[in-house]
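Think of it as A, B, C, D and E in the order they're written, each chain with its own count starting at 1.
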Amino acid sequence: MNFLDIISSLLLFAGTFFAFSGAVGLFRFPDFFTRVHAASLTDSIAAILMIAGLLLQTSFDLNTAKLIFILVFLLITSPTASHALAKSARHGGLLLFTEKPTKQGGTNQDD
Amino acid sequence: MLEQNLAALPIILPLIAAPLAIILGRTMPIWILATLVSGCASIISLQLLDTVLTTGVISYAVGGWQAPWGIELRIDTANAFVLVAVTAISTLVLLFSKDSIVKEIDCSKHALFYTAHLLCLAGLSGILITGDAFNLFVFLEISSLATYTLVSLARDKRCLTAAFRYLVMGTIGATFILIGVGLLYMKTGTLNMLDLATRIDLYDSSRTINTGLAFIIVGVSIKLALFPLHMWLPPAYTHAPSAVTAFLASTATKVAVYVMVRFIFTIFGASYVFHSMGMETILMLFAIIAIFKCSYTAAMQKNVKSTLAYSSVAQIGYMVLGISLVNVTGLMSGLLHIFNHALMKGALFMAVGAVFYRLGSADISAFKGLGKRMPLTMAAFTLAGLSIIGVPLTVGFISKWYLVTAALEQSHWFIAAAVLGGSLLAVVYIGRILEAAYFQEPDEANVAKISEAPLSMLIPMWILVIANIYFGIDTSFTTEAAQHAAELLFQNGQVMEVKP
Amino acid sequence: MNLILDYYNYWIVVFLMMTGFYIVISANNLVKKVVGLNIFQTSVFMMYISMGKVAGGTAPIVVDDNTLYSNPLPHVLILTAIVVGVATTAVGLSLIIRIKRAYGTVEENEFEHEDDAI
Amino acid sequence: MIEWIDLILLGMLALTALRVIFLKDLFAVVMLFGIYSFLSALVFIVLDAVDVAFTEAAVGAGISTVLMLGTLALTGRTEKENTHSKLLPILVVSVTGAALIYGTLDMPPFGNPDNPIHQHVAPRYIEDSPKEVGLPNMVTSVLASYRGFDTLGETVVVFSAAIGVLALLGIRREEDNNTPESGFKEHRVLQIVAKITIPLVILFALYVQFHGDFGPGGGFQAGVIAAAAFILYGLVFGLAKSMAVISPMFLRYMAASGVLLYAGVGLFSMMQGGNFLDYNLLASDPVAGQHYGILIIELGVGITVFAVMLTIFYAFASQTERSNIQ
Amino acid sequence: MTTIFAAAAIAILVVMAMALTRAFTAPTVYDRILGVNMFGTKTVLFIAVIGYLMGRPDFLDIAIVYALINFVGMVAVLRYFEYTAPIE
């Protein structure tokens, strides 16, 4: 196992750690918006770390380009998706956990 | 060039014509194109049948790749015989539909109707001609998709639910066939039908092959509407446009019967299916129930199309009964009935379509007094109806005759009795309609509208009726072909051609 | 034990098929029926792909000589079958939209009453 | 290792399928179906069927899900209580399942290289196709050449689907002032991101189209991906704008011309004195001929699939937008 | 290196399973969408890793398709969600 391999394993490990913490956040956070926060931030960092880890395994060929393409694509689309989702949720009447349901009917159906 | 590629043309011609039709865009040129293509296909298939009868089986390697690596088209007497019926009916129905669909399908959809018809024809020819089990599935789906479309084109909203039910059942059936073919492939490693037949022999009593057989039989039974898996058929045929019903009733289920014959006799081999698996008892049981139950239901219907649809299920019972007798005469009667039933049901549904064209209804009450007002149409209906009943000098008599002969050869007296009983029920359901047509006075409201159907509908209808009588008197062509086909199929089950 | 190792894949796939099949025949809602049909078919595809697998093999795209490849034929068949599946789904869903417009419902037991009156 | 991953994925699939049975929220059902499709594509990858995984991901998880969602927007979100008895379905399913399990007991073991299917027809594809057809991707060789007739059939199936959808739904072109605004008109971020990604996606589709001989991919997948790019455009910017870019009528011609292109190759080889779809005759050298043939027919497949998928999307989306007005 | 990839693949599988659980048992429909989306992005990473695990990294194309389809699917869910009745 050479030096590059070690770094790449560390990056992969860190990536999985963040992915895992995001998944935990999906369950543990109090309301939808914090959960989006958890999921989307860790999505990005996990993608960056893991793909960086994989990049070190390539020898600068087509695969490198593809990996970078995937990374760029994920970094563009994933936060956008989270943004759009949060916006729809707000529009659809979900409330922050600090807010109280009003008479017009917020539907904070938290468990 | 044409000579050599004749075997592929019945598939390729409509296959190419369908996208061309979309490019043409206008209804009239599309109709001409479709009719021409269908006509060419029927001439080619006659030629093919002739070649097959004189020189033997035609094998055609698509893409120049020999079977089992490539896809083989394989024409023997059985599929050439059915192909003639399918392409000829398709041509006649296209002639018929020019006027018929004006009343039943929105004007904007006529172009799509002809395109879907061409696709359906291509699919059916593909099923018939191909010698590859998976290719058969692909063409089955082409024809099915086109069929769902065709059924749903009618203006009556009930055609939608009928088409959906048909889609769900049809897809389940196709998936079952896919599972069955997969199991066979898993055990043998090949998809070519002949190759499969040779290699299945090596694994005769394997559970996997048994299961594959069961799934294929159930899947095909759904497609051919064998009782009790027929529930999709009556609503689909009742609510579809008449031209579509005429086409489907006389081709689609018949092709499915052919698929069953092909799988049982060519691929699995009669001795395996019937002697080791005992399929004949099951098939015979359901066929007899189908004949009685569905003939009875047919007699209860208020709608004539519905009556004829149930009658179709009953007639499929006769075909399956013929297959389940496991002798050459029985199989021959089954094949003969595929051809003959196409002739009679085509004529009957065309006649109903003509009535619908004039009256906008296919209820039995609409038929009152039609004997005088639409004499030619009703005469056609009567003759074709007699053929369904099985009166001598019609084709219906011929196939039933051979069926009874086959039953007696096996000394199954009760089957002979069942065939006669089924005919009696047919007398009832056809008789009801004829009684309304000839012995009842029309409703006042309808009198004004009634006149004879246009020539474009009468001509194809009468061609079929004349064929009904002609082949009922001069049986040499049909019986010879069917006999030859049946003998060949039985041989396939015993003597294997081994490919190098 | 050997039996399980040899067949576990097929057994789970059979279970999946039957789940899909169950949804098709038991669901009342037509959209759910179509979903079930898709699940059923996808599972059948998995059966085909399972049989094409060779232990220790790799995807049938040439890398160099002396490599063990999985069987490409089931892959080809299933590519075709997937396309067939999506075609059926599209037509089925269009029918559902039309049914909704004509009957106002897509629950099977609700329009069955209307249809019974032929 | 791979076997364990396979097992875990299959387990997830089973759970997803079971969950679908009991969910009444159809939106959730469709989303879980998307997951099911994704998961099955993963199984395909693990079992070495990369081309299939490609297609399943693009078609099952992509197109089918979008169409189902579009349908749900029209038909409502919840399944009503089922009044049918559950007994008969359970019985039917148990019998069928038992039959299949019975059938598995004599099956060749999973993954064994001595199984008949690895011994009989396939060796020729694996050993000879790189020489005979000259492509590294055997799946493409078999798909386009050995079993090219199947693929023609498949293209026609797609074409028939377009005919069916057009006949059932049709595509209504709304007058511009009548067209509803896209629901995303406030979503500036989404619009800009869509504008950035769409060219990338189309580029990728072209790559998949022409790289299919060497890696996973081919005409079918490329067509679906390109269609996905336009579907994205239509979803974000509204159908009217999308139709201004590619009109439904043009798509019809495209769909037809793709099939004709494919069949045309067959006719051409017939005119050269060979059998239908015999690519060997397209050039003086058989391998070069195979190459040309596969290139052209993949293009035909790609064109048809793209046009059909987009047509179907137009048909569904125009229904949704129409109902939204009323 | 193979073991590292294997470990990473298993770890991502665990995360996928958690996202799947979320999609099964979400309190609101938006949570469900979130779970599905997270499942999708993790799948992309999973395919990338498994390509290396199986020694065939040229299959990254499939990961790209996943990323793309996941995004399109997400947009479609949000788009068509507007048309349906509000949350019951």
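Rule of thumb we're sticking to: a contact is a pair of C-beta atoms (placed from the backbone, for glycine too) under 8 Å apart; a residue touches a chain by one contact, two chains touch by 3 or more.
The UniProt protein names, listed by chain, are A = Sodium:proton antiporter; B = Cation:proton antiporter; C = Na+/H+ antiporter subunit C; E = PH regulation protein F.
Predicted model, so just to flag it, every value in this text is computed and none were measured.
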Chain E (PH regulation protein F) and chain A (Sodium:proton antiporter) - chains in contact with each: D
Touching chain A (Sodium:proton antiporter) and also chain C (Na+/H+ antiporter subunit C), the following chains: D, E
Relative to chain E (PH regulation protein F), chain with the most remote C-alpha centre: B
Interface with the most contact pairs, given as the two chains involved: C-D
Farthest-lying chain, centroid of Cα atoms versus that of chain C (Na+/H+ antiporter subunit C): A
Between chain A (Sodium:proton antiporter) and chain B (Cation:proton antiporter), centroid-to-centroid distance (C-alpha), Å: 57
Whole-Å gap between the CA centroids of chain C (Na+/H+ antiporter subunit C) and chain E (PH regulation protein F): 21
Between chain D and chain C (Na+/H+ antiporter subunit C), distance of the C-alpha-averaged centres to the nearest whole Å: 13
Residues within chain C (Na+/H+ antiporter subunit C) bordering two or more other chains: 17, 21, 30, 51, 58-59, 61, 73-74, 77, 80, 84, 87-88, 91, 95-96, 98
Shared interface positions of chain A (Sodium:proton antiporter), touching two or more other chains: 69, 73, 77, 80, 84
Where chain D touches two or more other chains at once, by residue number: 50, 70, 72, 74, 76, 100, 104-105, 107-108, 115, 117-118, 121-122, 125, 147, 150, 153-154, 157, 160-161, 164, 168, 184, 190, 197, 204, 215-216
Contacting chain pairs - touch in the sense defined above: A-D, A-E, B-C, B-D, C-D, C-E, D-E
Contacting residues of chain A (Sodium:proton antiporter) [partner chain E (PH regulation protein F), same complex]: 1, 5, 8-9, 12-13, 15-16, 19-20, 22-24, 26-27, 32, 35-36, 39, 43, 46-47, 50-51, 53-54, 57-58, 62-63, 66-67, 69-70, 73-74, 77-78, 80-82, 84-85, 88-89, 92-94, 107, 109-111
Of chain E (PH regulation protein F), residues touching chain C (Na+/H+ antiporter subunit C) in the complex: 54-56, 58-59
Residues on chain C (Na+/H+ antiporter subunit C) engaged by chain D in the complex (per definition of touch): 5-23, 25-32, 34-36, 38-39, 42-43, 45-46, 49-62, 68-80, 82-91, 93-98, 100, 106-107, 109-110
Chain C (Na+/H+ antiporter subunit C) residues within the chain E (PH regulation protein F) interface of the complex: 58-59, 61, 63
Chain B (Cation:proton antiporter) to chain C (Na+/H+ antiporter subunit C) touching residues, read off their complex: 134, 137-138, 141, 144-145, 148-149, 152, 157-158, 160-164, 167-168, 171-172, 174-175, 178-179, 182, 185-186, 191, 235, 238, 301-303, 306
